[in-house]
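In what follows, structures are represented as structure tokens.
Two complexes come next, and they have one chain in common, chain A, joined by chain B in the first and chain C in the second.
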Partner chain A sequence: MSSAHAKTPKTPTAPARKPSGFPLGWYRYRNYTIFAATCIPMAIAAVELLLGVAALGKGEEAWTAWLATLSAPGLRALNAICLYFAIYFAFRFGWVGRKIAAGRIGPISKPPLPLSILGIAPLGGFVTLWLIVFVILGGFI
Partner chain B sequence: MAEPKLLKFEVLRFRPETDKEPVFESYEVPCMEDWVVLDALNAIKDDIDPTLSHRWSCRMGVCGSCGMLVNGRPILTCAAFVRNYTGTIRVEPLSNFPIVRDLVVDLESFIEKIKSVKPWIIRKLEKDVAEGEYRQSPEQLEEFKQFSMCINCALCYAACPVLASEPEFLGPAAIALAHRYNLDSRDEGNAERFETLNDGDGLWGCSYANECSQVCPKHVDPAMAIQQAKLTDALQWLHVLPKKSFA
Partner chain C sequence: MQLIRKLEPIWWLLFGAGGFIAAFFLPGLIIGVLLLGPSELMSSGLSYSRAHALASSPVGRLFLIAVLTLVFWHCAHHLRHFMLDLFGHAVAPIAAYGAYTLALFGTIATVSAVLAL
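Let's look at the complex of A and B:
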């Protein structure tokens, strides 16, 4: 390539357009956006749990106070949202798990059930953990 | 012989010398029942408005040139039969790419991303020609054949919501192609490719919307390639799998 050619100004272009129906206008993109948004309540929940661990380290009084805080209606609502997202995330992750199956030629087909279960199983543990936090520590029992 | 049917098309136009932004223009095109959207675009260019610009070549789903959005979904226009659409058919250039003119998009970033994953066989030492070819069993071919079907039509990039938010993301076709070569029994470039794949904008940016696989006209299933590559990467990082490399 000659240097003169290399200096040719780039053709003016119109900016790239977003995919039609992104992020919330089309159901499949909407599902994806909800999935991506799960990180927000998850991050809040992680901070909440860390504060619980810190309270545990500080002694019984701090721990009791943290449990009392968890019983507040606002935090219960937040934890309910977190639980919903945890389940949603777990099932979607399990669905992804199917995709690590061996390659094959042809149109997309449903992967074998054992693979789906294998994908969902580890995340079932995560959901169970969150249920414990939500139900026991949240003051429901 | 059947009579042509008058169908209404809305085509996104962008003429950089006059237009500040893309605008839709309407055309009424007499279409035969067996026509595809590409036939209608060619009819517009030949008989109605010769200034319309669009890419096409083979007309049989092989070259990957004629990818556009038809009624909002990325598709090869040579495979989009007009009889499958009702009402006005809206044709737009591929999303997630800058528009050069009308239905022609700038694919430079796409080509650069494909190039960055080194989509060729990398070997430490090339065999002498006299030693013969590199043999491969049908089973070894089966490992990667599906991922070698890609025609670089970029439909997967137009559908990807991650690219819509993060334009620097490496993208489905490039990762699938890297995975194709990583699976090739003749290749030794796994570690080199994972350097690119593990970049901040690489493999792990995919959050599995699966739209790439939904629109792929060749059933490459790039989403599967990406998830498999993630697993391989993780297992190599844990030293469960050896790195296939001379590095």
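Let's look at the complex of A and C:
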């Protein structure tokens, strides 16, 4: 192998370090950390729903007993926290989504509506979907 | 870690799809089932016969598998990166293998529970 193709030595760099103030010292870090932490309550909610599906498969008695456990105060509080973080996740997910533009060639045309409205539109869509799920589950239609 | 890095597009795909699914459906399910499930309001909607009929229909099965498994994979990927942010790259292997193994268990458990309906 000629010297032109010799492997170049790795550029020495300083070891990676966390930015000062991370994870909660600055509001942007705080928002980022809370968004990342939403994975824990959302996973807890998914596990609870999975237990519900398993109870449903075991018969009426198991299903009724599982529904009854949900009314325990501790579990109610946990589920309220899960809901808070799931809504926080959805809103931040939708809010950040408005900043993502599809790749295109040529000049960017002016959006038909102000960005603040374009940001609110998906959030309204999310709430509508949650209501639809709720209405179907409750048998209100 | 090489395998984890090689499969990065798959983790990302599952993470993104799970994010959409969670934003679309998870709050509705938490409100309708976990919070209001035991209340009088949902007593007829979530009666055993109706809940079983809803969940065991082909659309219901597909919905449950899609929502629960994708939320597990989404949370696993988010948890992996959350651990990296908090504890640095020293925990990279345990964060990746630990989180994705949990998601795999969640997927297997979900598919078995849905097929048992």
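Note that the second predicted complex is superposed on the first by the 87 of 141 C-alpha atoms of A that agree within 3 Å, B and C clash if a C-alpha of one lies under 4 Å from a C-alpha of the other, contacts with A are read in each partner's own complex, and residues count from 1 in each chain.
Operating definition for what follows: a residue touches a chain if its C-beta (ideal position, glycine included) is under 8 Å from a C-beta of that chain, and two chains touch if they have at least 3 such contacts.
Owing to the predicted nature of the structure, the values given are computational and were not obtained by experimental measurement.
In the superposition on chain A, contact is made by A:Phe22 with both chain B and chain C.
By the document's definition of touching, of the two partners only chain B reaches A:Thr13; chain C does not.
After overlaying the two complexes on the shared chain, residue contacts for A:Leu67 are found with chain C alone; chain B is out of touch.
By the document's definition of touching, of the two partners only chain C reaches A:Leu129; chain B does not.
Judged by the touch definition given at the top, the superposed model places A:Ala36 against both chain B and chain C.
By the touch criterion defined above, A:Ile87 lies against chain C but remains apart from chain B after alignment on the C-alpha atoms of chain A. Looking at the superposition, the partner that touches the larger set of chain A residues, chain B or chain C, turns out to be C. Looking at chain A, you'll find residues 16, 18, 22-23, 33, 36 touch chain B in one structure and chain C in the other. Contacts from chain A toward chain B in the complex involve residues 11-23, 26, 28-29, 32-33, 35-36, 92, 96, 99-101, 103-108.
Those residues of chain A that touch chain C in the complex are listed here as 16, 18, 22-23, 33, 36-40, 42-43, 45-50, 52-54, 56-57, 59-60, 63-64, 67-68, 70-71, 76, 79-80, 82-83, 86-87, 89-90, 93-94, 126, 129-134, 136-140.
The touching residues of chain B, when paired with chain A in their complex, are 14, 16, 19, 21-22, 69, 72-74, 92-93, 95-100, 106, 142-147, 158-161, 164, 167, 183, 207-209, 211, 213-214, 219, 221, 223-228, 231. For chain C in complex with chain A, the residues that touch the partner chain are 19, 22-38, 41-42, 44-46, 48, 50-52, 54-55, 64, 67-68, 71-72, 74-76, 78-79, 81-82, 85-86, 88-89, 106, 109-110, 113-114, 116-117.
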